[in-house]
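Each structure below appears as structure tokens.
Okay, so chain A shows up in both of these, paired with chain B first and chain C after.
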Partner chain A sequence: MIAFQLLINGLIAGSIYALIASGFSLIYATNRFVHFAHGTTVTVSAYLLFALFSRLSLPFFIASILTIVGSGFLGWLMYVALYRPLKQRGSSNAILLVASIGLMILLENLMLLIFGADVKTLNYLTVSKGLEISGAVITPLQITIIAVAFVLLLVLWLLTRKTKLGITMRAVADNEELARISGINTDKVAIQSFILGSAIAGLAAILVALEQNIEPVMGTSLIVKGFTGAVIGGVTSLPGAVMGSYILGLAENYGIWFLPSGYKDAIAFVLLFVFLLWRPTGLLGLSKGTRD
Partner chain B sequence: MGNLSDMNKPIKTYVLGALGLVVIVGFVWWSISQPERGESIRIGAILPLTGSGSDQGEWVKRGLELAVKEINVGRGHNIELVFEDSAGDPKKAVTTYQNLKSRYQMPVVITWGSGVGLALTPLVNQDKIIQMGVATAASAYSTPDDFTFRNFPDSAHEAQYIVDVVLNKLKTDRVAILKMNNDYGVSSAKGFREQYEKQRGKVLTEEVFEPGTTDFRTQLSKIKGASPSVVYLATYPKEGGLLLRQAKELGITTQFIASVAILGGREFFDLAGDSAEGLLIVTSAPVFSDDAAEPIRSFVKSYEEKYHEDLSAQHLYVARAYDAMKVLSFALDQCGTKDTDCIRRELFDVKNYPGVSGRISFDRNGDIDTTFNLQVVRNGLFLSYD
Partner chain C sequence: MFTPYATHILILIGIYALLGLSLNLVLGFTGLLNLGHIAFFGIGAYTSALLTLAGVPFPLALLAAGLLASVFGFFLMLAVRKIKGDYLALVTLGFSFVVYSIFLNWTGLTRGPLGIPGIPKPSLGMFTLASNQGYLVLVLIIVVLTSLFLWRLTRSRFGRVLEAVRDDDLAASVLGKPVFRLQAQSMMLSSFIAGIAGSLFAHYLTYIDPTSFFLSEIILVLTIVIIGGLGSLRGSVIAAVIILVIPEVLRFVGLPSAIVGPMRQILYAVLLIGVLLLKPRGLFGRVDLT
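After this line comes the complex of A and B, so read on.
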């Protein structure tokens, strides 16, 4: 019974990580730098939802749509206002990484300034005992989170395989130099992936806000877990990032079955180090065609 | 000659600049070394004014301000409080303390939190500054004959009471522990476990989570698997609220009994909602009501007049801070100086001071002895449990 409950717990955690990791990996694949502020995109989107739903009393559905649009816009803004100028000056990936950490701290503190440090709740769903499936318990919201993550994975997979947008993205991910020579506008692809990746973060924000509530520092722990999931699965590969996230969620949950619960985060980081040391491209990542 | 005066020009600038600097530094040094105006005694208060403990910080601040307002009425010397923000972080509190110490000649510093209190203990003992903890529960803070005091029950005393409740009121020996991994949670859980295992068998399972955790499902599932009848909970309000909500979602109907810190924030009920129903809470707070005996009645009246907020069990922090300030002012009056050795002696001599948080007597560890009572959450209110 407990094994099945832990499987469900692992799937819930994995789905949340996957929602973060897929957007992160989409941005990483075409831009090739670590956009750590991606977690804070989730935070800002969650506060946007809070403002629209709880303060302006918009219907939840409309507030959610506006949140996703808003987070896509934030992604565009971050790229155009910060990353593109830096890239055009020939900044190295290390500088872009530092810039993204700076952006993360800036946005976190901005949220702290506007909304305060206390935890915000949406109070949209009532808390009640979840559904019982052969001894394990799961709430409708958690089923939604898992379903959204699965559907999103499918849509993203189809997008990257079947549409022109996806194919150009993969071309840039595979070899930016070659893609540019073939006439692909790599800058446009970078913008598109920032908008799309951040919109996914907006979607994640809605679910995370309902499940875990909203506070200024929520993005940091989310991006750390999302990044770990992405590295395990292969940060350049969307299906890989999603798969890695589920592996992480399940490993954390089953690990604590045997180990004291204080080791939960340790499990995540040991996995991260193991993959960084022995398989830095992850399970499904590209091992060829990556630029230095 | 012309060349020489040209060369002199930058040198002149440097000399003037250096002189200016000396004047400025000298002035700053002079103004710092001046005796303070009047006879006001500055007391530092390092509280979490931002961050997740900010409700408690605010309550403590209000308690101190209420007390100081009453103390300063028609008096020769004034007590002036200097509030600084620790955000609940011991590292930040140390920096803040050093900063306060260099700015003022303060005989006393009032601090919030076990982590902060423990971090400052070696510093205040070295500097001979009295530290008064107002929300300091960790047993490690219990150090004999030094400069640290607290008007807050030691978690070991509280643990003894909770063990009594579990064994004699709830009458069960199937117990699990769920604690937060910080000074407060670890110390409280350790106290409980030691007392419990001394009197009865083993604790079924002990689970832990980090401060700031949002997903408690694994820990809760493990606890559910051990099927205890009572879960002892040592956590802050933010984590506690979310944890109880997830416990309800997982269909856990086990009785939770929480140590005092869960009372420390308004957000607790926002997060827990009706998942908090039936939660047992151990508190040392008296019943705050308009028809209570003095001095509680006047205290309730002046608080509610000033802050337009009804007092509940959560406001024990206001009362603890208020009493701490009153006792300190009593000791300061006796000594009439900033001689901290004298203040310390006077504090050790405080016996049966009738405070609004109960009677106060300091033992040689600087600890107080308190009576506890058991409360239960019904319809979002704390009611007495019998």
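After this line comes the complex of A and C, so read on.
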């Protein structure tokens, strides 16, 4: 059954997009600017994993932990070195967006210089025979991807609902000025969400690196997907971002039934157009403050 | 007159100055953060290349390149007329990605990643512009005419109303100014010039492929406009010279070409970020990016 296989492929893609979108959405909600270089955090983390695991031959588990720590650190560094100084100058969102695109180009080319243009593979898992479920094929790794994404997103959701950190973040997301007046250190919250969001991107990078090749330009396409997923669901809403990512993953995979696979990115952009133009708050987003 | 090398750099400077000038009209004078400008450049390049290969004379193909880009400019403006700021930036960026994937995937028309080789040099009847020095003259004439035209335009009543729309579109519309019409006119003119630049690019290199119209080129043009300063035509031209000459130093240092490419991009990104951090108005900017 092609339809069933496409459903599974859509869920796998959607899981990866959901991890990227949730990190992006977390950062957007507390900072209110588009951190386009978020996709490049995934790229850099994937290369970090490659360097630790394939070059330094560390055990996979340790290399993965270090990768997640490293990506959290990268998020911190991006905020402290670039975004905070810009914010303190009173830069507009447009400037922050342009700066983040600049940052993305900078890091992508840095990876290109260090690791070369050829694609890298981890070769951690030997290619295993896929399981067949009523005619569709799914590998154990792909089941892991879906499961890890599901568990992590659940943990993240609980974190924003039940913990003090999460509640503070949501307070800032809801109304930054009011949060500051009530004594919340908004700068600290911004840093925390950059670290947490980037660490999630690091985890996504591990899954991406296991599933496909690592190349310098992969971040652009990933952030387009993550961002689109976030916008479809409502960019400030975590459950929305996750739902939007799965919708996107499914739409893309069913879309290539009709279109050449090269149009995958274009499908994402058409959905992005439609939502930004007609429903910029997304399916579950806040109705205010998302569009100024 | 010039060495072949200097001629080559000057032609590219001319083409990118046209892109910078036209983006500045929309970004600096009209206040629309358009990240899709490179798509108009690409549409112009492909239009002109395909038409001349089909036997259309160069001047007509050049005009058609500008006009088709302009039509796309109108429809893009129509689509984004209600959104602003970073949302506008993302939709226009999306527009350029969609155009890029069409170049890449509509292989029946564009030959996809193989690109289009053998684009003829400009000719009119018996006369063919085969030498690069002659081409430089053509590019310079177009750059000078465009600069003069934009210089007059931005100082005219039309230009002042455009700047009023940029500074406060609500106030302008309360005063009875047709905001959307002005924005659309500015966008169409800007994309027309970008289309012309695309045509000049295609016929100069005689080969185009989709990679010339992707994200890294958007950054290049954006860097030119921001370094030169929003709302300064002189700034865009001067910045085009600076931005295209600086990376040539890398070549003379003797770096291998596999390193020169990424180094150029890193240099542009660092310049862009540095300007945003230290001097966000660029060299001659009069307004902030909002």
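One rule holds for everything that comes next: the second predicted complex is superposed on the first by the 279 of 292 C-alpha atoms of A that agree within 3 Å, B and C clash if a C-alpha of one lies under 4 Å from a C-alpha of the other, contacts with A are read in each partner's own complex, and residues count from 1 in each chain.
Just so it is clear, a residue touches a chain if its C-beta (ideal position, glycine included) is under 8 Å from a C-beta of that chain, and two chains touch if they have at least 3 such contacts.
Just so it is clear, the model here is predicted, and its values are computed rather than measured.
With both complexes brought onto chain A, simultaneous placement of chain B and chain C is prevented by a clash.
By the touch criterion stated above, A:Arg55 is placed in contact with neither chain B nor chain C.
By the touch criterion defined above, A:Thr121 reaches chain B but does not reach chain C. Judged by the touch definition given at the top, the superposed model places A:Leu6 against chain B, while chain C stays out of reach. In the superposition on chain A, contact is made by A:Asn253 with chain B only, not with chain C.
Looking at the shared chain after the overlay, A:Gly262 reaches both chain B and chain C.
Residue contacts after overlaying the shared chain place A:Lys164 against neither chain B nor chain C. Looking at the shared chain after the overlay, A:Glu132 reaches chain B, while chain C stays out of its contact range. The superposed model built on chain A shows that, among 37-45, 55-63 or 109-117, the segment of chain C colliding with chain B is 109-117.
Residues 112, 117, 260, 262, 265 of chain A lie in contact with chain B in one complex and with chain C in the other. Taken together, the chain A residues at the contact with chain C in this complex read 33-34, 82, 85-86, 89, 91-99, 101-103, 105-106, 108-110, 112-113, 117, 220, 224, 227, 260, 262-263, 265-266, 269-270, 272-273, 276-277, 280, 291-292. Residue ranges on chain C touching chain A, taken from their complex, read 33, 35, 79-80, 82-87, 89-91, 94-95, 97-98, 101-102, 104-105, 112, 215-216, 218-219, 222-223, 226, 258-259, 261-263, 265-266, 268-270, 272-273, 276-277, 280, 288-290.
Of all residues in chain B, those touching chain A in their complex are 50-52, 54-55, 181, 207-210, 212, 214-215, 217-219, 221-222, 224-225, 238, 242, 245, 248-251, 265-267, 270-271, 273-275. Those residues of chain A that touch chain B in the shared complex are 1-2, 5-6, 9, 12-13, 112, 117-119, 121, 123, 126-130, 132, 137, 139, 211-213, 215, 217-218, 221, 252-253, 256-257, 260-262, 264-265.
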